[in-house]
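Please go over the structures that come below.
One chain, chain A, appears in both complexes that follow, with chain B as partner in the first and chain C in the second.
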Partner chain A sequence: MTHRPYTPWLFLLPGLAVSFMFVIFPFLNMIVLSFTDASALGGGQFTGVDNFVRMAEDPKFWLAARNSLLYMVGVVPPLVLLPLLIAMLAQKIVPGIGIFRTAFFTPVIASAVVVGLIWTWLLDSRGLVNNVVEALGGTRIGFLTDSTLLLISSMVVTIWRGLGYYMVIYLAALANVPKDLHEAAMVDGAGPIRRFWSVTVPALRPTMVLVAALSAVNGFRVFSEIYLLSGGSGGPGGASTTMVMLIQLTGRGLTGEVGYASALSLVLFVILLGLLLITLKLNRREDQL
Partner chain B sequence: MKLALRYIALLAVLAISVGPFLWQFATSIKGPNEDVFVPDFIPNDPTFGNYAAVADVVPVWTFALNSLGVASVNVLTNCLGAAMAGYALARLKFKGRRFAAVIFASSILVPFEAILISLFLVMRGLGLTNTLTGVVLPGSIAALNVLLLRNAFLALPAEVEEAAIIDGANAWQRFTRLALPSVKGTLVVVALFSFMFSWDDFLWPLVVLSDQEKYTLTIGLAYLQGTFVQNQRLVAAGTIIAVLPLILLFLLLQKHFFRGVGEGAIKG
Partner chain C sequence: MKRRTFLAGLAALPVAGPLAGCGLGGSTGSGSSASGQVTGEITFQTWSLKPKYTDYVNGVIDAFQKQHQGTSVKWVDQPADGYLAKVMADASAGSLPDVINVPPDLSFPLAKAGQLVDLDQNLKEAKPEYLENAWQAFEIPGKGGCYGFPWYLNTGPIFYNKALFTQAGLDPDKPPKTFKELEEQALKLAQSKKIAMLGQTPTIADFGLYGVKVFENDKFTFNDAKGVEFVESYKRMYDAGALIPEALTQNYTGAGAKFMAQQTALNPGSAYDLGKFKTDAPSLYANIGISTPITNTGSANMFLHGVSVPRSSKNQATALAFGRFVTNAENQVKFAKLASIFPSTSKGGDDPYFTTEDGTDEARVRVAAAKQLKTAVNYTPVQFSDQMREALLQQLADAMLGKKSAKQALDDAVAECNRLLK
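Then we have the complex of A and B:
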């Protein structure tokens, strides 16, 4: 015997305790609460599917779900493609490449809050971007005051912050693309664009699926960018509220509707899990090909 | 020619990545008489006075200290707690090992946002709302780190430990003297990500904290923007205070950092 029977559990105790108390239990409790009318003060009666019926008739829910979905659809294609192009640019070892790679990664280490505040200032009605727009002969744009533009501006911030992160993932994958494939294609007379589509993209397809999955899940979960760009309001009249923001607004504070917020959370969970399963399935199909 | 084009493209991406930070920094050192709305990257009269002034309107150094405390504790608990659990999963044979692994694996699948509200209820039950302990606890031993370290321990050769067993070393001694020093690389990655995650976290501190003197930097900054949006110089100084430590830490440890991001990505 190399150890006493309870020794492994002593090693596991802190980790298991944290997972149980702060993940598993709250998760199960969330499911139970979603079928009650619990308030912030506690209590709550079992109300069956009332919360979900209410949700189906709640325009705020549909708005938030639509915004989160739009957000996801808006950020995924650019985040799959642009970081790949940047990674190809940064892949070749040229003098000073380390400085460039490090600089491209800077937006990732800055928090969503810092990034959000920087862009709030850049996109201000009198900010730098609008100064440039005006200098080019345009009129000032209400990036942060129009609900649609606010969503698009937030997407730009998310994309900007994701460029460096997904670039690193692509750099790791590009290093594994066999060189002779490129050389063979070159011998066959394929130009750079042709080689990109018929050599690089097929070789990187699993990585692209992974990036699409990660950016889709993160896109649907968006909170900080919208919160900061809208100054915590969720846009004019709350028209740019997203799912997570709606959960936070519904459940917090003394007037929090814990039961309804839990039902919203459950829906969020099911959607995110669904996204994950779809990706796994896509991935498996890739493997079979 | 081709190389020149490559550098032009690299410089363009560089400008897009770093430009916004430079603009924020330029704003933060503009004097009170300078027009912050003029697109002028080099201030006529640079001053660091805004960094002192921002501390007069909000306790920004208290915020920074709170963030530093929370992030440091988060690093310690994650490195130690996750390594202990990872070691048991990888290196000790016992009944229930699969069960424990499943608990950690399913914890990873639960998105934080989905349990936000009921996690707040747990904290209230423990009487830890509006405390920094309450901020630290939920992320103190992340299941992802447990599995990362489990993989690192699995990769170690078995022979060394077998020799130690024969020499009569107990599990704890083998863990601290043999296993831990061998996974230093993974520990650095876990430490870095724990620090960064904690320092950058916004949603949870926003929900769990209510008193201004307990704010971490991220919610302190959001509050600063909400209250003093008229003076962009102060908000800019605040954001630079929040981002500078991370940039320095990153520059110092970037070798580990890139390796960690690459590894994590491949393992998915």
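Then we have the complex of A and C:
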């Protein structure tokens, strides 16, 4: 049998072609565009680092970066802990557990737009939640019309949507935690809480890091929740705009500033890459301890 | 190492996503000559006309092909959702269809980038066939040239909820006609019944209707004293609860939905909306009041669509002939009768359909709108882009919330719009 060095590449070619066309080329194009003043209709002159200088002075950029950061800080801890607790419940084999698991997974497969509309109806100034609040004698709350509450409402939707997805990841990981570890701990007299902290959590730590990393990235680049709950506006005065929303608002349409939007995308990419590298480094250091 | 590559890949994918496809290329190729022979194949792209108007459009195409033997028109209809994205992708790839349906705010950036055929240069004789204000809507202000055949027009009546007016002690037969009356009645409505009059902060067209000079000498100018006075009036209404809280973030569609849900008492609309109320909100329809638009200038606002021919078209002569044919008086009147819209041709409006009432609400709205259109103005400057609309909405929200004075908010909005103009 002769070994031809190009054979593996032939097999890889279709996949590589697709990812070059739809991932690598657009990504490289974005990097090039970020140093130009290109518009949606093509063209654009090389402008050096002008876009980045403008960004540093652009209050909208700092606001969006701050909101994205807040969003990430707000959603990561609940998304690391809550799905784990739900997974531990869903792991039990009891009658009707299938319904429970399905109920938690449904938001994951539901369309983001449908989810957004349902939550808009719930949280609207005349929505279900506010009607209940008013019926109980309270005053209506501006869930979608106050910039801080809008961010918090969006976080709640993100957490609600993410629960099922991360629950499945935890379920797979929990199945791999050796039963004898739990049995040994029980023999040593450890109660359920002690076993959770001393057996389950250490065994699941790599999974928790993965969930933290994934939810941090998803949280930082949140778009659909904010977009749908704010009716595409980024909240009153644009005060709840996040990074991806800012990119969309800047670059959209025939009059979009594609050069500046690309520069924003590049900065977002660098931030996310940095976040992931830090997470991985922390994980590796703990592995070595 | 493997995991790092995987995660980095994960991050790269969605970030690269939003801008994928916008290239540096962009072609403004001049295509064929406009004075060639009318023959060969062209593509005609419309904005969301299928399936409701399929028979009508096919009929127009058949008639054109019969009149010009040897031509063939391929019709593609794009849904309203994503229409802009499709035009944008085609425009940056230099592959726009031969005849495209575009409103003035879409034709403007294309014309500015040199992508559309100038009708003033190539088909000047067509100009008298259209209403002057409609033809002007497709010109680049200050630079001349017309870049689209005006197609259908619309102007809105205002709709108001008679039941809510009555509950608040307002005369249901005397809706506001000017902005001063609007504020008076809105405050009364809000104070007596805690009912909001409006679902939206003012749009740029509202500034025009108020009598503010929106755009002059290549610059936005709506931050003058009159503009400030207008925003201050809205601020007083907002503080009194005459605007729903969502008004700070929502657009026309959102405001329309709130009016249908009877959460607001008044909303501008179009003849098309009346049919929607009938089927989707029958309890509102039973109490609907219809009036002329609120304006301080005596003129109503006008919306319009047109068809443009890109310079990249390989068959410009046929494309221009077809564009003129689709928008001629006969075809426009036929279309208007089907679709609650109005013809932009100088003769079309004389059709008895637009001048005589038959006792129905629809006819009343139609005749009133047709009358308004004679003096109507497109108060939204063609330069006013999506980004500018967003900037105005955001600044007005800050003014309503009291984070900025009306003057400051308008100064900031004007500065941002003028920056985006470049």
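Keep this in mind: the second predicted complex is superposed on the first by the 267 of 289 C-alpha atoms of A that agree within 3 Å, B and C clash if a C-alpha of one lies under 4 Å from a C-alpha of the other, contacts with A are read in each partner's own complex, and residues count from 1 in each chain.
Please note the rule applied: a residue touches a chain if its C-beta (ideal position, glycine included) is under 8 Å from a C-beta of that chain, and two chains touch if they have at least 3 such contacts.
Quick caveat: nothing in here was measured; it's all calculated off a predicted structure.
**Q** With the two structures overlaid on chain A, would chain B and chain C clash, or do they fit side by side?
**A** Superposition result for chain B and chain C: clash.
**Q** Between chain B (first) and chain C (second), which does A:145 come into contact with in this model arrangement: first, second, both, or neither?
**A** After superposition on chain A, A:145 lies in contact with chain C alone.
**Q** For A:14, is the partner it touches chain B (first), chain C (second), both, or none of the two (neither)?
**A** first
**Q** Just to be sure I read the superposition right, which of the two partners does A:249 touch: chain B = first, chain C = second, or both, or neither?
**A** It touches chain C, and chain B stays clear.
**Q** For A:190, decide between first (touching chain B), second (touching chain C), both and neither.
**A** neither
**Q** Looking at the overlay, what does A:100 touch: chain B (first), chain C (second), both, or neither?
**A** In the superposition, A:100 contacts chain B only.
**Q** Of the partners chain B and chain C, which touch A:269 in the superposed model: first, second, both, neither?
**A** Both partners, chain B and chain C.
**Q** Is A:230 contacted by the first partner chain B, the second partner chain C, both or neither?
**A** second
**Q** One more residue to check, A:203. First (chain B), second (chain C), both or neither?
**A** In the superposition, A:203 touches no partner, neither chain B nor chain C.
**Q** Looking at chain A, which partner touches more of its residues: chain C or chain B?
**A** Larger number of chain A residues touched: B.
**Q** If we overlay the two complexes on their shared chain A, which of chain B and chain C does A:23 touch? Say first, second, both or neither.
**A** both
**Q** When the complexes are fitted on the C-alpha atoms of A, one of 9-17, 45-53, 153-161 or 207-215 in chain B overlaps chain C. Which is it?
**A** 207-215
**Q** I'd like to check the shared interface: which positions of chain A are touched by both chain B and chain C across the two complexes?
**A** Shared contact residues on chain A: 22-23, 26-27, 29-30, 33, 124, 126, 217, 221, 231-232, 244, 247-248, 251-252, 256, 258, 261-262, 265, 268-269, 272-273, 276.
**Q** In the complex, go through chain C and note every residue touching chain A.
**A** Residue positions touching the partner: 3-4, 7-8, 10-27, 84, 87-88, 91-92, 106, 109-110, 113, 115, 244-246, 248-251, 254, 261, 263, 385-387, 390, 393-395, 397-398, 400-401, 403, 420.
**Q** Applying the document's contact rule, which stretches of chain A touch chain B when the two form their complex?
**A** For chain A paired with chain B, touching residues are 2-3, 5, 7-9, 11-12, 14-16, 18-27, 29-30, 33, 86, 89-90, 92, 94, 97, 100-107, 109-114, 117-122, 124, 126-128, 131-132, 135, 160, 163-165, 168-169, 171-173, 210, 217, 221, 223-224, 227-228, 231-232, 243-244, 247-248, 251-252, 256, 258, 261-262, 265-266, 268-269, 272-273, 276.
**Q** Quick one: in the complex, what on chain A touches chain C?
**A** 22-23, 26-27, 29-30, 32-33, 36, 38-44, 124-126, 142, 144-145, 213-214, 217, 221, 230-238, 244, 247-258, 261-262, 265, 268-269, 272-273, 276-277, 280
**Q** Please output the residues of chain B touching chain A within their complex, sorted ascending.
**A** Where chain B meets chain A, its residues are 3, 6-7, 9-10, 13-14, 16-18, 20-21, 23-24, 27, 37-39, 77, 81-82, 84-85, 87-89, 92-94, 96-97, 100, 103-104, 106-107, 109-111, 113-122, 137-138, 140-141, 143, 146, 165, 170-172, 175, 196, 199-203, 206-207, 217-219, 221-222, 225-226, 229, 232, 235-236, 238-239, 242-243, 246-247, 250-251, 254, 258, 261-262, 265-266, 268.
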